[in-house]
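Structure record follows, encoded as structure tokens.
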Amino acid sequence: MPAHRPTRQPVATNHPYRLAARGDRPDTIIRVGAAALPIGGDHVTMMAGPCAVEDRDALFEVAEALSRTGVGILRGGAYKPRTSPYSFQGLGEAGLELLAETRERTGMAVVTEVLAIEDIELVARHADVLQVGTRNMANYRLLDALGQAGRPVLLKRGQGSTVEELLCAAEYVLAAGNPDVMLCERGVRSFEPLVRNAFDLNVVPLLRELTHLPVIVDPSHAAGRSDLVHGVAVGAVAAGAHGVIVEVHANPEAALIDGDQSLDLDAAAMLVDSLDVIARATGRAFTRATRRVAA
Amino acid sequence: MPAHRPTRQPVATNHPYRLAARGDRPDTIIRVGAAALPIGGDHVTMMAGPCAVEDRDALFEVAEALSRTGVGILRGGAYKPRTSPYSFQGLGEAGLELLAETRERTGMAVVTEVLAIEDIELVARHADVLQVGTRNMANYRLLDALGQAGRPVLLKRGQGSTVEELLCAAEYVLAAGNPDVMLCERGVRSFEPLVRNAFDLNVVPLLRELTHLPVIVDPSHAAGRSDLVHGVAVGAVAAGAHGVIVEVHANPEAALIDGDQSLDLDAAAMLVDSLDVIARATGRAFTRATRRVAA
Amino acid sequence: MPAHRPTRQPVATNHPYRLAARGDRPDTIIRVGAAALPIGGDHVTMMAGPCAVEDRDALFEVAEALSRTGVGILRGGAYKPRTSPYSFQGLGEAGLELLAETRERTGMAVVTEVLAIEDIELVARHADVLQVGTRNMANYRLLDALGQAGRPVLLKRGQGSTVEELLCAAEYVLAAGNPDVMLCERGVRSFEPLVRNAFDLNVVPLLRELTHLPVIVDPSHAAGRSDLVHGVAVGAVAAGAHGVIVEVHANPEAALIDGDQSLDLDAAAMLVDSLDVIARATGRAFTRATRRVAA
Amino acid sequence: MPAHRPTRQPVATNHPYRLAARGDRPDTIIRVGAAALPIGGDHVTMMAGPCAVEDRDALFEVAEALSRTGVGILRGGAYKPRTSPYSFQGLGEAGLELLAETRERTGMAVVTEVLAIEDIELVARHADVLQVGTRNMANYRLLDALGQAGRPVLLKRGQGSTVEELLCAAEYVLAAGNPDVMLCERGVRSFEPLVRNAFDLNVVPLLRELTHLPVIVDPSHAAGRSDLVHGVAVGAVAAGAHGVIVEVHANPEAALIDGDQSLDLDAAAMLVDSLDVIARATGRAFTRATRRVAA
């Protein structure tokens, strides 16, 4: 199911994002975690887990269930940037330790957000992929520092940023020495009151043309409501995305943050099945992690 | 590949779009043209053709080629609303006659835009589906009059309209007596300079939940550039859309209007193949018209 | 308080809005109603009245009060385009007759909306200015017909339309023979939940540069809440707008439509005073109508 | 020229921005620089200067000229966050030293941007007001650290942030111990191609109601073109803003960054005059610094 592709030329040496630009380069494939799970190219990936790490049992329950369906990468926030300074800001280092413990027990790779330069080393010790959130996409000092983090970076688009600004933000990390950047589209601000953000599907094939970096989508934050997540995830992967990152909670109604947009475990398992179907229909393969759960 | 669906309740009698609302209703399936091609439900449809009807030979060439690939519905504008009063406004009645002649020769159904109440009768005589363009989505007098047009209506979302406004606009047609309305998402205004509009993929599963009417997408106007059309079309159908309407031109570079966003004939044929694959992967069927081309 | 103005050149003959464009033309001044009230140039105008005409006594009460403060132009909707077909759509012809009667009693000029070609003659008989609402800005057939209406037109910007699209819409009226078009900025869609629309102040000086036509602003629809109307109205006039059109109701809480954004009579009187101050501070004059109220 | 004001109530103790919220508090007045120039309340302020500090002579020329017209606060960037990592990023510490030297020679206060926690101490030594740019509005760790900076903060709205998000960002600084925060509206992303951002005038009276903090506007970044700056600045102050921050360059065409939106010296002087007129017309006073230029 190939689409038209323009003939590819080498990147101009004065291009504003000359390392991130597609030019005549093949897709970058990034290897994640101890299992070296591939992201990019013809691999379709699902990362899933709770918005915030809340407690050991809940985290392990959701990780166990996801791992059983073949999800190889666990998401979960230890440091949560919140609009109001008085909201729950995550468990911090204790949350990181729970993530690392769950990683150990399940064999899953872990992706979690890093908010500041001074946290990079600590977070990199507990996680396999460092996420830069939408609020920090243009925090260029942080991006610079991630050039030396020794871990792949998942860079989310700013909620009011253009595609070119996203690519230039990635360039900060690349230019500082880290070639392993995944882009993450999570929607931008729009006037529609029924959804949280506008998830412009144009951006998926556009990014696939403009860059060789892997393109991940976050339908949970794009939609802001769980009933739309399946459709958006499937559609974005059919349009060319390399994978999704979704919020999953064993009991969404009890989640401290973002329960409205979290899938429950059954819905997550159904999404795995659908992504597998779509990956095959489009000539790719869903990356199904080998499960390793402690007896 | 079924997604979670909430339990469906009957529509409240004071609902602002009580006829268009999903409630506990099954999908509406609309039959189009002499061949009674089904739109909606588990049918996936492709409508295609030039932005504007330009001349007999060009129209017939593209219709012939599309018909050969299995496309059953021909689009083409005879009345073109243009931003400046000094731009080419379409061939008018002569364009309608060319559409009707091509319909006769190919057996395709025809969809074309109607701009004003005084044109409805004439357009309905030459076309099988009456399109209301983005500029007229909230021209309620026109919508009222289409309630008695005796033809299905393809209603495009206004470029600054919400989903609820689109559904209420459809309600004007339904309430005036015409049950055959297809909704068409063609993107809304956004700040991204690299594409023409933002095509919020959330809207596809959202409309599928909120209404029983068929949901068509227009990736040509959404993207405004032909290289993104395939990805957007495939993604939207995977997310649940019932079909696409795309601009196709035998020689896009020579098109009088919208050449940049028109597929050529090869790209159109590839899109048919891809939609067929996606339809089957998602448990549906691509509606392939029986071809009838004059010897 | 003059700002920098570029040297003005004649308009190019192939300009997309060659009649509306500023070129080297002075400001157009439009005369409205029996009193020939001037709009444009160095005149600052306030049009005010209820969103919808509801009943004779309420309309006369608000008109009387406004007239007493020096407001010379009464607004009020007889035909109300509403999002849902089941909402109150205005009194229609009965509303027009109440407007005409109030015009007779107070000597005020009347501005009211026209929704369709077939209503133009009737509305023009009862009103002095014909308003085209935001939903119909790109209803080009209606604009064409208004070229022969024999009345000035107040053309509101579409809620998802660009400035150039607004100017081209005005061009349809001008090119059809009516030179008396006032542009009205009423805000466009935005993501901010605390207000109804985004009122981009840039648009005021921008329109003053791009066109010679009068520029009116509608802070009631821009803000959607009455507590912001005074600030927006004053600021827009200070930035160069020729006037405002505001919703005023003797008892906003009882209004059938848009009560939240309507000023009460005291607030309207305060706004008149403020606009008078700003007009003088910027070297212009507030147009204070001579009052004529029946004994 | 007073507008309606709702009766003011104390702030609820669980309000998401309980320190920034208006409640029943009077306007906060912040004193800036050696001359303790007042910002907020009935004072109208103009901050002006080049986008980036480029060289000693150019900086001193523009500062001298501005100081002569009564502008008391000099803006200029030493650390410039740029979309591409390969663009000019400012002179850094050398730029700060030039700002401090100019401050010494002219008696002006200095406002300049701080990009990261590790720079706060250095920047605070050379500047009187620390600016947080639009890209860092939600960099909460930086905001936290500014709570102990010992300098007033000028906090710009993120280009895709809501008003409530801006107020909550200010709350981070306030809650960390610094009561001196000025909010700065510089426009948000919009679909209009003729201007850089949408400057929603509603936001000015809205912020005046929601908070007691000073409200500054940046018409240079809002418009992105110098010919609109005067109108936007004057309109925003008339609508209730406490002041403006504008880009001024002795030779805009030679500016390294943002020349298109910079006023020249004559235009800057005209803006001072206009703001003085508007301040008086609205019952306030333009803060005209006593000039001190070395012989």
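By written order: A, B, C and D. Residues from 1 in each chain.
One rule holds for everything that comes next: a contact is a pair of C-beta atoms (placed from the backbone, for glycine too) under 8 Å apart; a residue touches a chain by one contact, two chains touch by 3 or more.
This one's a predicted model, so the numbers in the text were calculated from it and none came from an experiment.
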Mutual neighbours - chains that touch subunit B and subunit C alike: A, D
Chain pair showing more contacts of the two, B-D and C-D: C-D
Approximate Å spacing (C-alpha centroids) for the pair subunit C, subunit D: 34
Whole-Å gap between the CA centroids of subunit B and subunit D: 49
Approximate Å spacing (C-alpha centroids) for the pair subunit A, subunit D: 36
For subunit B, residues contacting two or more additional chains: 160, 164, 188-191, 193
Subunit B-touching residues of subunit C, taken from the complex the two chains share: 14, 16-18, 81, 83-87, 115-118, 135-136, 138-141, 158-161, 164-165, 168, 171-172, 175, 188-189
Sites on subunit D touched by subunit C in the complex: 1-4, 6, 160, 162-164, 187-188, 190-195, 198-206, 208-209, 222-223, 226-228, 230-232, 234-240, 266-267, 270, 273-274, 277-278, 280-282
Sites on subunit C touched by subunit A in the complex: 189-191, 193
